[in-house]
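Okay, so chain A shows up in both of these, paired with chain B first and chain C after.
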Partner chain A sequence: MRSSTVGWLFLAPTLVILFIFGVLPFLYVLVIGFTQWNSFAADPTMQYNGVENFRRLVFDEQFLYSLWLTLKFGFFAVTSQILLGYFLAQLFMRDFPGKGFFRTIHTLPLVIAPIAVGATWRLMLVPGLGPIPYYLRQWFGYDLNISRYVDQAFLATVVMDVWHWTPLVTLTMLAALASLPKEPFEQAQIDGANRFQIFWHVTLPLLKPAILATVFIRLMDALRTVDEVWMLTGGGPGAATRYIGLHIWRVVFPKTDYGYGSSMSLITLYLTIVMCWLLYAGLVARRDLKRVD
Partner chain B sequence: MRRDRPLAFLAFWTVSSLITLVPIYWMFVVSAKSRVQLFGSPNFLITSFFTENYINTLKDPAFQRYMINSIVVASANALLVTTLALFATYALSRYRLGGKENVFFWTITNRMAPPAVFLLPLFLLYTQVFVLGDFKLFDTRIGLILLYCVFNLPFAIWTLRSVIDGIPKELDEAAYVDGATTWQVLTKVILPLAKPGLAVTGILTWVFAWNEYLFAATLTSVHARTVTTGLAEFVTVTGTNWGQMAATAMLTLVPALLVLGLVQRHIVAGLTFGAVKE
Partner chain C sequence: MKHFNIPGRSLVATVFVAALMTSTAPAFADFWSDAAKDLQGATIRGISESTPPSNYVKDVLAPQFTEKTGITVEFEATSWDQMYDKAIKDMEANTGIYDFVYIEQDIIYSYLARDFLVNLTDMLAENESLKSPDFDATKFTTFIDNFKNADGDIFGVPMEAFVKVYLYRKDLFEDPAVQAAYKEKTGADLKPATTHAEYRQIAQFFTEHAQANGMEMWGTTVQASSGHPASVYEFIESVLPTYGVYNWGIDTTTFAASVENGGKMNSDVAKEALAWWVGNLEFAPPESTSSTWDEVAATFAAGRAAQGLVYGENAAWIATNPDKSTVVGKVGVALPPVAEGVMDQAKSGEGYIGYYDGGAFGIPHSSKNKEAALLFLQYIGEESVQADWALAGSRIVHQATYADPKIVEQDAKVDGYYTLMKDQGPLFRGAPPFPFHNQAREAMAPFIYQAITGELQPAEALDKAAAAVDAELKNLGYRK
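Right after this comes the complex of A and B.
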């Protein structure tokens, strides 16, 4: 092996960039989080105020509501994606004409910019233009208006996310299914297990690492979602779809409440890390991520 | 593999594909119609192609600037990220460095953190701290190019790691025995063998940079705005010019659709940081 100095030199540019644009902002937000700083306030300078921001946060109903919404969104979106994705992957395991073609179509949403996905669904759902509200009214007399009804707006963001990301789950599950060993299935059949028993006692345990890895990646991304939702509902109506990213943006920019927004960011980051860690611990306990391939 | 009830399968996949395609097709329909044609009940047929939405968009100097910015930012970022990731993964793969697995894992945390958390500190850094005389990183392409490394580099490193690890070490050793320098080994041995992997990584990086919105919207104001921010402006500024918004969105989609064919096989590995391969 060559000298390790050269190795570190090769790594240096990467580490420097990640430090300046990743770590430094984090340290900065860590400092601002403990200050009172609002550039529109009577005193627009940065003032240290200890844990006051965090004390306020615990009782901030808007913030807690936004957190709760984000988790609800993540839960519904990821659960539907896993179920639907698994179902589609099972069907893709069969042999049928045009398989490659259909697969390409189902990969399509993955490369589309989230902001364009938001635009697409806005055009589908906006009353007076979109076909979905029109036909729901025409055929079922159902009034769909995502800029008026809270539950409909929430559901619309979930449906959009499912449309956008289910293909990823499908392809992940497909890769995992294709790499499963054949013997346990044959053995189970010989033992006279029925289809449900095979699924529950053979397929599911074997797929667990892949499923957990997918949930991990999807959930982290779902909790970060901003672009699509911003484009579709703008966080509304009211605060019905103001997920945590949108909420932080609102506090930080239009309201310029830098100190408070930073402490909010810190709590969000902390919760993300805890969730990440819990899921990752779950993953490692069931062997390593790489087992999937 | 069983081949059963092909018609039922065909029917199912057709419906499923339609669900995937109809929203995009509808956007195309809206982009190809005038305000008057869009009035009334939705019509999925395009009887006469209304080109004005596209012409207006393409002629708009602001949009042209956004387009150029997006192309420059995405291309420069892809090039920078692939180069740096090649160096980094080469070091991680071939050198015995204390704590390198920790470094490797640490990089990904940069990709996992919610971007909203970094909006404010980056905004402040870009407007007030990273300033050199009259030059600020705020509202510059270089600012975006460097920033996008934060989430693209970890992705590229994680994807390329297995590619570089897959190149036999004996090849390096043989080259060293023949008197090659480290740089020669990297450029003459590793680079040619890693080319397919580098290409895929580069393309996906390009797409991610092209698709990014949140930072581009926050850290630019006039000069360095990208296509995605231009698209978002339709919601806040122009209101309800749906036709033109659809046309802009269609133009935003084009590059992604073009590369889909190239990277389709690798997209899963790409989006799961190499955790899942097809």
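Right after this comes the complex of A and C.
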């Protein structure tokens, strides 16, 4: 048997599963995205309606707002995680008492299911009764009410996401920092570079692949966040945390507007791919082009 | 001697009779074991919202039924959102996961429009051997009419029904010191509110009174979750009717919502109602903007509000269960406050003053165990199980339950809630017969949420909500 045939045989189970659970549902969504199909419409049957759903999307204020909100959430959450994760990784590169214990504790959020993270934060932040709003009011007279003030709710979802996922960034950065060669740093020190210059001209360029991979992973996760936010705020107050995943859920399930919801999913997928490609082109392809020059 | 002989003879006689009964048992087997003899070992699955009445079915009635029939009942009591999500998907995809589903009164019209449910009247007529002699549809209250089609055929067996009432802290309202303080502050006597102005005045008084006395209490509950449909329901089903705006402000013949199209959703009266309701937040606990029906009940039970509109399913445990409630024996029950003329309209049948909520269990066409499910639905619909179920869940669906001694006794403890439901129930009404219930609600919801957070003024919110509902119903093909 040829080696390539054996390879395909080993891959076959994975490919079959991927096809059934990945490709087929995608094709189904693709087809439904071009139909009008609401099971509680006057005519509940699925009807082809061309690009009408996509035309509606362009003028759908709620969809566009959700999209903008999601991008804003992704930007603040991922940026915070990268910065905080890098500083924590630098901290763990040094020796200090209780380092092992602290490192273990700090990774615990990673093993908690998102729905449980949302529930925990909800218990802590529930207006009037949660310990955080209670003590903020008792000690500082500050009125923290994430079900009433839109900015507080948005910030709470960002902080929750940062709390949950920064450990992943830290671990990635830690692995990357630990694998960096010593020579460039020694050379830079001999050349008289200060700490900032070493960071900017040596550490950062060497870490760029790891940072980029982490940004991709976290950004894609942030753009499809649903469960944590669903538990914490339910998308509210108003539409303050109705990120695109939650918005699509509301359209597809409570409203049973399968056609329109599918078109939203397709557009969101397309935008995510485009955004990642742009990021890749901006940070990696440009460097490759420079090398060619 | 004689003294001891009589019991001895009785004992012998008793043993003899018991032995005789045992030996003849197969000939006198009860209906359930006879009817289920071909279904033993079957498993039926059902889904419902996790509420006191549903949990009673899961914990008490389902095991009883299994014992009598040998049919296992797997009962899933989950959140309201998940319940709909799963049930609708199952019926739509025809997967047959569930053999009976909870049908809330307000969704029955959507289910009937999609022909999701089995006609129970026909099924019972076609299956004489499955017809329980103790199941009698005429014994139910008129609430069962919500689950009938135009021909009077039944599609659901009622399992719960209650009215959303005005609960107030009777101990505080009857406290002479509080009454004197109220009189001094407002010039009026402290009594349960009958108008919106009185309600607001009481709410303001108790909020200020609590603050002045270092109490963690506010003047009113508000079911104003800013991201959950519960808030939309409180406004459209419990507040709008008290202002005389019925059927959510949607015209039931043209399905128009906005005033310019003939609806009333953004009428001046509706805007006044929303402004009143949102204004109550100033005198409500901080958790109000994250409160659904459950949290409102919890808030009242925790003694954090002096009054509020609370779903009746919670009335009994709030008033009687010291394990869950801090206001046991301190709860008063009354009708909601209404605008001038609304009570007369309700009495004449032209209008209503609040929400008559409840639900039934129905069998989806997709069920794979329809016969077993039919038996279960009849079992929970029998008169014999109703009283204890009512005690556990403040729900009454049988006329006779009102007169049961256990209910009469509990009625006194809940300040006559059951009497109010029996006598004043006709003043309340269920949701309008819209086949687009969820769709219309979801269309207006974002704007109600934004009115709660203050992002939109009430008038602006209702203008946008009405326009959104009009657009949605046009898109769905219900409006030209």
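General observations
One rule holds in what follows: the second predicted complex is superposed on the first by the 270 of 293 C-alpha atoms of A that agree within 3 Å, B and C clash if a C-alpha of one lies under 4 Å from a C-alpha of the other, contacts with A are read in each partner's own complex, and residues count from 1 in each chain.
The rule is simple: contacts are C-beta pairs under 8 Å (C-beta built on N, C-alpha and C of every residue); 3 or more make two chains touch, one makes a residue touch a chain.
All values reported here derive from a predicted model rather than from experimental measurement.
Of the two partner chains, both chain B and chain C are touched by A:Phe253. In the superposition on chain A, A:Phe40 makes contact with chain C only, not with chain B.
By the touch criterion defined above, A:Val58 lies against neither chain B nor chain C after alignment on the C-alpha atoms of chain A. By the touch criterion defined above, A:Gly234 lies against chain B and chain C together after alignment on the C-alpha atoms of chain A.
In the superposition on chain A, A:Pro127 makes contact with chain C only, not with chain B.
In the superposition on chain A, A:Ile190 makes contact with neither chain B nor chain C. A count of residues in chain A touched by chain B and by chain C gives the higher number to B. Residue contacts after overlaying the shared chain place A:Ser147 against chain C, while chain B stays out of touching range. Residues 126, 129, 234, 253 of chain A are contacted both by chain B in one complex and by chain C in the other.
The touching residues of chain B, counted against chain A in their complex, run 1-4, 6, 9-10, 12-13, 16-17, 19-24, 26-27, 30, 38, 41-42, 44, 84-85, 87-88, 90-92, 94-98, 103, 107, 110, 112-125, 146-147, 149-150, 153-154, 157, 182, 207, 210-211, 213-214, 218, 228, 231-232, 234-235, 242, 245-246, 249, 252-253, 256-257, 259-261, 263-264, 267-268, 271-273, 275-278. The part of chain A that touches chain C in the complex is made up of residues 38-44, 62, 126-129, 133, 143, 145-150, 233-242, 250, 253-257.
Across the complex, chain B is touched by residues 1-2, 4, 6-11, 13-15, 17-18, 20-22, 24-26, 28-29, 32, 88, 91, 94-98, 102, 104-116, 119-124, 126, 129-131, 134-135, 138, 163, 167-168, 171-172, 174-176, 178, 210, 213-214, 217, 220, 223-224, 226-227, 230-231, 234, 244-246, 248-249, 252-253, 258, 261-262, 265-266, 268-269, 272, 276, 289-290, 292-293 of chain A. Here chain C touches chain A in the complex through residues 81, 84-85, 88, 92, 110, 113-114, 225-229, 285-287, 289-290, 304, 435-436, 438-439, 441-443, 446, 449-450, 452-455, 475-478, going by the rule given at the top.
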